[in-house]
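Before we start, here is the structure in question, set down as structure tokens.
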Amino acid sequence: MSVGLWEVLALLLLIGSGLAVVRLQNAVHAALALIANFLVVAGVYVALEARFVAMIQIIVYAGAIVVLFLFVIMLLSAASANVGQDLMPRLPWVAGLGAIGLAGLLTFAVTRFQPPANAPALGGGLPQALGPLLYDPEKWLYALLAVGFLLLVATVAAVVLIEPERIISATGHPAHPRRDKMPTPPMSEQKDEKAVVKR
Amino acid sequence: MIHVGLWLPLLAGLVLLIMPGLGRGFAIASAAISLGISLVLFAGYGGQGVAYASQTPFLPEAGVYYALGLDGAGLLLWIAVSLVVLLGVWIADVPVRFLAYTLMMQTGLLGIFAAQDLIFFYFFFEATLIPSLLMLWFYGGADRLRAIYTFALFTLVGSLPMLAAIFAVRFLGGADSFLYTDLAANPLTGQTASLAFLGFMVALAVKTPLFPLHAWLPSFHQQNHPSGLADAMGTLYKVGIFAFFKWAIPLMPDGLREWQGLLLFLAAFGAIYAAWVAFSAPDWKTLLAYAGVSHMGVAALGLFSGNGEGTVGALYLLGASMVYGSAMFLFIGLVYKRTGSLETSPVRGLAKHAPALYVLGMFLLMAMIGLPGLSGFPGELMALLGAYKVSPWLTFVAFLAVIAAAAYALTAFQKLFQENTQAQAVPDLDTREWGFAAVTVAVLLLMGLYPKLFTLYLEPLGKALAALFGGAS
Amino acid sequence: MQETLFLPLIIALPLLGFVILGLSGKRIGEPAAGWLASLLVLGSFLLGLVLLLQGGARWTLAEWLPGIPFSLNLDNLSGVMLMVVAGVGFLIHVWAIGYMHGDPGYSRFFSYFNLFIAAMLVLILGDSLPVVFIGWEGVGLASYLLIGFWYQERVNADSARKAFIVNRIGDLGFLLAMGLLWSMFGTLSISELVEKVEAGGYSFTTLTLAGFFLLIGAIGKSAQVPLTVWLPDAMAGPTPVSALIHAATMVTAGVYLLVRHAFILHGDGFLAGLIVTVGLLTAFYGALCSLGQWDIKRIVAYTTLSQLGFMFVAVGVGAYWVAIFHIVTHAFFKALMFMTSGSVIHALGGEQDVRQMGGMRKYLPATHLHGLVATFASGGLVPLAGFWSKDAILAYSFEFGPWLWVLMLGASVLAALYSIRWYVLVFWGEYRGRSPSGRTNAHAPGGKAHPHESPAVMLWPNHILMGGALGVGFMGLPYVIDYKNFIEPYLTKAIGDFPHEKLPVVTEWVLIIISAVVAIAALWWGFRFFQQQMPAWYERFQTAALQGFYADAVYNALLVNPAKGLAELLFVGDKGLLTGFAGLGSLMGGLGGLLAKLETGALRFYLAGLLLALVLLLGWGVLR
Amino acid sequence: MIWLIASALLFSMGAYGALTRRTAILVFLSIELMLNAAALSLISFSRLYGSLDGQVVVLFIIAIAAAEVAVGLGLIVAIFRRRETTSVDELRQLRG
């Protein structure tokens, strides 16, 4: 597989935007870098004969998900990447070493991978090709249904999480007990156990 | 018949649990039928091998069979268990649910002695623990939680190596199933045997109980219901000797050869040690607990000698100690009913107002310290004869307990019954208690004066074991 | 030798009495219970006599335990013992009917008494060692029950317990002997053992060990040094008990056991030396202690010890028939001595201190006569029973070694002294008792001012015993007088014939005369000496002797208290054992706690762990 | 092949980010990056093997990622409301 100019360019963009995601100190910038990364990936998908997935990538991932991120960052005014105390200051070194090691291992593994010759064409990865697969009961239909259901549950969950008070007033069910009312671990019980063992 | 005998008590116990209104009479009826069945089985025994054998595939793919059968030892212990349960439900003043648990425990115990399949043996061995724990949990003393912890931990932790060893015996020995006959035909040898035997040893030493794994016993007895019924059942649960005899040694004779020295030492040392400790016991239950440890030490000494006399003695002593040990606990329950305390130290002088109680106590006590002519002696003697052949010095050490036993038993007894210049006024035996006394004394005498009744059937077993173990002494 | 079911019946009769009296003694009441018990013993006696005259009997229940038959054997040896036990036992039973009159435990007493006789008969008749052991411990139990008969008093209960525990030390010896013999010969039947020992093919050292174990058993039961301590305390029981169990029969069981096993002991120099030593020590210890006692029964108890020492010496020097002969004569004169003491106690309403007695010959003429005969027989006056048996022991001792003869002569001087001391203090001099306001007692309601003679039921047994003390010695005369006396060949038939060199006639005569003269001299000197004011050296000696030369204190300090202390210590240690196991548990808990420290709750920490695991697993997978 | 390497690099970067970021939102962001890297590798394999199944799975990944983000961000908001922080170092209530 020859490596052309576009490939190299895309690779550099991917790495650059990726690094930006994990290193930029402003959360908004990081999120924006992620959008850039996703867009490049979408481009790569097109090159890999996955045009439908590329579209979805742009619309859902770059368009919806990361925007949601941006929205939350702004809602919480949490633009600063590092908040609070750093309890594990030496962790970045460990993380760096680990990441490099991981990258090395994965690259090593990938380079030893032998793809089969004469792979059939994918027809550009258009919906016409994907649809029968998705809706075939022998293939992915039930998975698709399950994912749809999952999305519904997730939606409900998100609403419940963010609007607990209304839910409680509507159903009388304390989905989220207030923190100050949280039952503390009963100290007396622990004491008892210890006492028993000692005796 | 054997199936009815085995499951009837469990069924009766469950019925009683659901309908407590049936009361003690129902429990007594069940226990009496059980005893009757045991006696009928005994009467119909041919004298050789495993009788009433039956086997039904349970998990044939895994080689597990629901296999039952009784040999001489099993019959002796069936009778002992059934008798003690009958005496217990007859005499003990306990709630009806307690009686139900007792009956359920009886099935477990009978199963231990009748199982001819190692997995089923293990099942009964462990299942019996449940009613025992329930009794302790619902009716135990103030500090019972710790006793439960100790008891359950010793038993369960001890059993895990045995479970591992069970699989080792089956799969390394090359047997096709867990049936006794199959396993015994393919005994383990060499290093494997000694390791697997170690697994059995740990579990069975807890249940024998052998020093130093007897540590759970005193608190177990101290915390149990003062009526003594749970203690009596606990005494029956000391099945270690039987399991050594029935499973561990035949399946791994090499294992016993490897560990014989250690086991003999532990048994002998435990016998004298426990008897000595018993002298300082602050209450009767502790005293009896240690006395039991001492007797089982003697029995174990006989069994681990690996010869015919020793084996017969050990099994006979086991059966006898089930009867007199349990009866002693029940007797102490009667004393508790009158005095409300079990401490050994205060002088009570009960003999003055309760002479019949005194005589019953004397009988039991003398049986317990192995007076010839009562049930404890034949077993002790045979164990001695067997053990002396193998290790005179350890025998000497173990039988120092004969002296110590007289010391601890008579000292506590004297405080309880004699010196009665200022006696506590207590009622003497009532009709129900007279029944208990009569049966107990009769059995103690029968076992002491005519041991042939049972040794006749034990003797071939002893010879078989000796032959298996071979002249490794 | 016939197989007959009458033999176990001999045992069953008193056992029946035990059961009947034990279950319904209160309803039978007084004095029927006593007569029933006595007649049953008489029945045993007569039955035994008939069987013995027919030439003995056997009864076997094969396979009582695997390899061990339940066998009884009535031969000449056990026959003689049977006559003594049942015969003297019967007399004491009858005497007790009077002595125990009015006691609230009257029927219980006779029930226990019958149990004792039954157990003793098992011991004697048993041919299989475990059967002997049933009797052996059975008499121990009966002794325990009877010493502690008045268990309301702590002292009595304590004494009973002590007796039982000390006896058990001996029992351990017996048990070990059984173990050893079984492992050597594979049988425990005495008659089979005899054959196997004769057949040979075993190690003599091991046989010596077996004899040693048996000796320990005998020492325990016969209260020899060093296990003497229980016998004096055993006097806490009623006087008939002391007479029957702790003088005439049970304590001689040890001697009987050794004689029964003469085939093991004979010809073993080590054992002979040991037995002689034990016997000598006991003979002197008992005699010296007796000279210091004030309690009338303890005086007699220590004399019993001394006499048992004589019997042991007899066994040690190989004079087995003489030991049995001495048992017989001793049974008569010592039972007589005890029952005379009992009569005196009875007459004085329970007084046991000889300092409160004296002058009884005036008040109790018949009892005085009994006492006099007992004293002379015990002191070895010619020609009473005690003289002949003791003379035989002395003769055999001379064969064993002249030094032993000298020592034994010394012991018999002491025997004469303690006998006469007892006699003088009780019967001679003036009544030193208290005024009518003295103590009252159940045995003499009203606390009579004047001592009163016993009823006929107590006098007649004593008359018969007195006849025995006078006459039984003549069945064992020395060969120089009666060339073939009755008892020696009779017994050797059963014991086994162990030939020995007979002393020259002249030597024998000299020994007899010396022993007779010495006895007379000692009696006379003692008679004078004990009427005087005691000199100071004697007072000092008496103080030590009164305490049994501090044997109890020594045992308490060296054995009993350390044992108790160790028991406490072990008990605490045993609790610690559980704590130790709990410690094992907390060790595992600690290990878990260490692992739980990894549970920081910090998300990034967990992630780092994930990453690490991923790298490792991947590395293993890729680079493998 | 080169995209597989790219996927590996992106995945490692995401892991690095997840470890170094202390704000829950950014940790989450990094995880999205890792998810995306996985999707990229799937697409590459799909191309190399000539099978559309890989693409279908990526579709699922995207859908599930949407659900995950909805719930995850909801959680972050809920936690922030109570604790006034999004620092993962300060949120240690799950410690055993």
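In order of appearance the chains are A, B, C and D, and numbering begins at 1 in each one.
In this section, contacts are C-beta pairs under 8 Å (C-beta built on N, C-alpha and C of every residue); 3 or more make two chains touch, one makes a residue touch a chain.
This one's a predicted model, so the numbers in the text were calculated from it and none came from an experiment.
Visitor: Going only through chains that touch each other, what is the minimum step count from chain B to chain D?
Guide: So the least number of steps between the two chains is 2.
Visitor: What pair of chains is linked by the most C-beta contacts?
Guide: By number of C-beta pairs in contact, the leading chain pair is A-D.
Visitor: Give, as an integer number of Å, the spacing between the C-alpha centres of chain C and chain B.
Guide: Here chain B and chain C have centroids separated by 36 Å.
Visitor: At what distance in angstrom does the C-alpha mean of chain B lie from that of chain A?
Guide: Result: the chain centres lie 64 Å from each other.
Visitor: When the centre of a chain is set as the mean of its C-alpha atoms, what distance in Å lies between chain A and chain D?
Guide: From the centre of chain A to the centre of chain D is 2 Å.
Visitor: Using the average of all C-alpha atoms in each chain as its centre, how far is it in Å between chain C and chain D?
Guide: Between these chains, centre-to-centre, one finds 96 Å.
Visitor: Touching two or more other chains, which residues of chain C qualify?
Guide: 602, 604, 608, 611, 614
Visitor: Multi-chain contacts in chain D: which residues touch at least two other chains?
Guide: 15, 19, 22, 89
Visitor: Of all residues in chain D, which touch chain C in the complex?
Guide: On the chain D side, the touching residues are 15, 18-19, 22, 27, 88-89, 91-96.
Visitor: Quick one: in the complex, what on chain C touches chain D?
Guide: 596, 599-604, 607-608, 611, 614
Visitor: How about chain A: which of its residues touch chain C in the complex?
Guide: Within the complex, chain A contacts chain C at residues 87-88, 91, 94-95, 98-99, 101-102, 105-106, 108-109, 197.
Visitor: Residues of chain B touching chain C in their complex?
Guide: 150, 153-154, 212, 215-216, 218-219, 273, 276-277, 279-281, 308-309, 312, 349, 351-352, 359, 366, 371-373, 377-378, 381-382, 384-385, 387-389, 392, 395-396, 399-400, 402-403, 406-407, 410-411, 414, 417-421, 450-452, 455-456, 458-459, 462
Visitor: In the complex formed with chain A, which residues of chain D make contact?
Guide: 1-6, 8-17, 19-23, 25-26, 28-30, 32-33, 36, 39-40, 43-44, 46-50, 52-53, 55-56, 58-60, 62-71, 73-78, 80, 82, 85-87, 89-90
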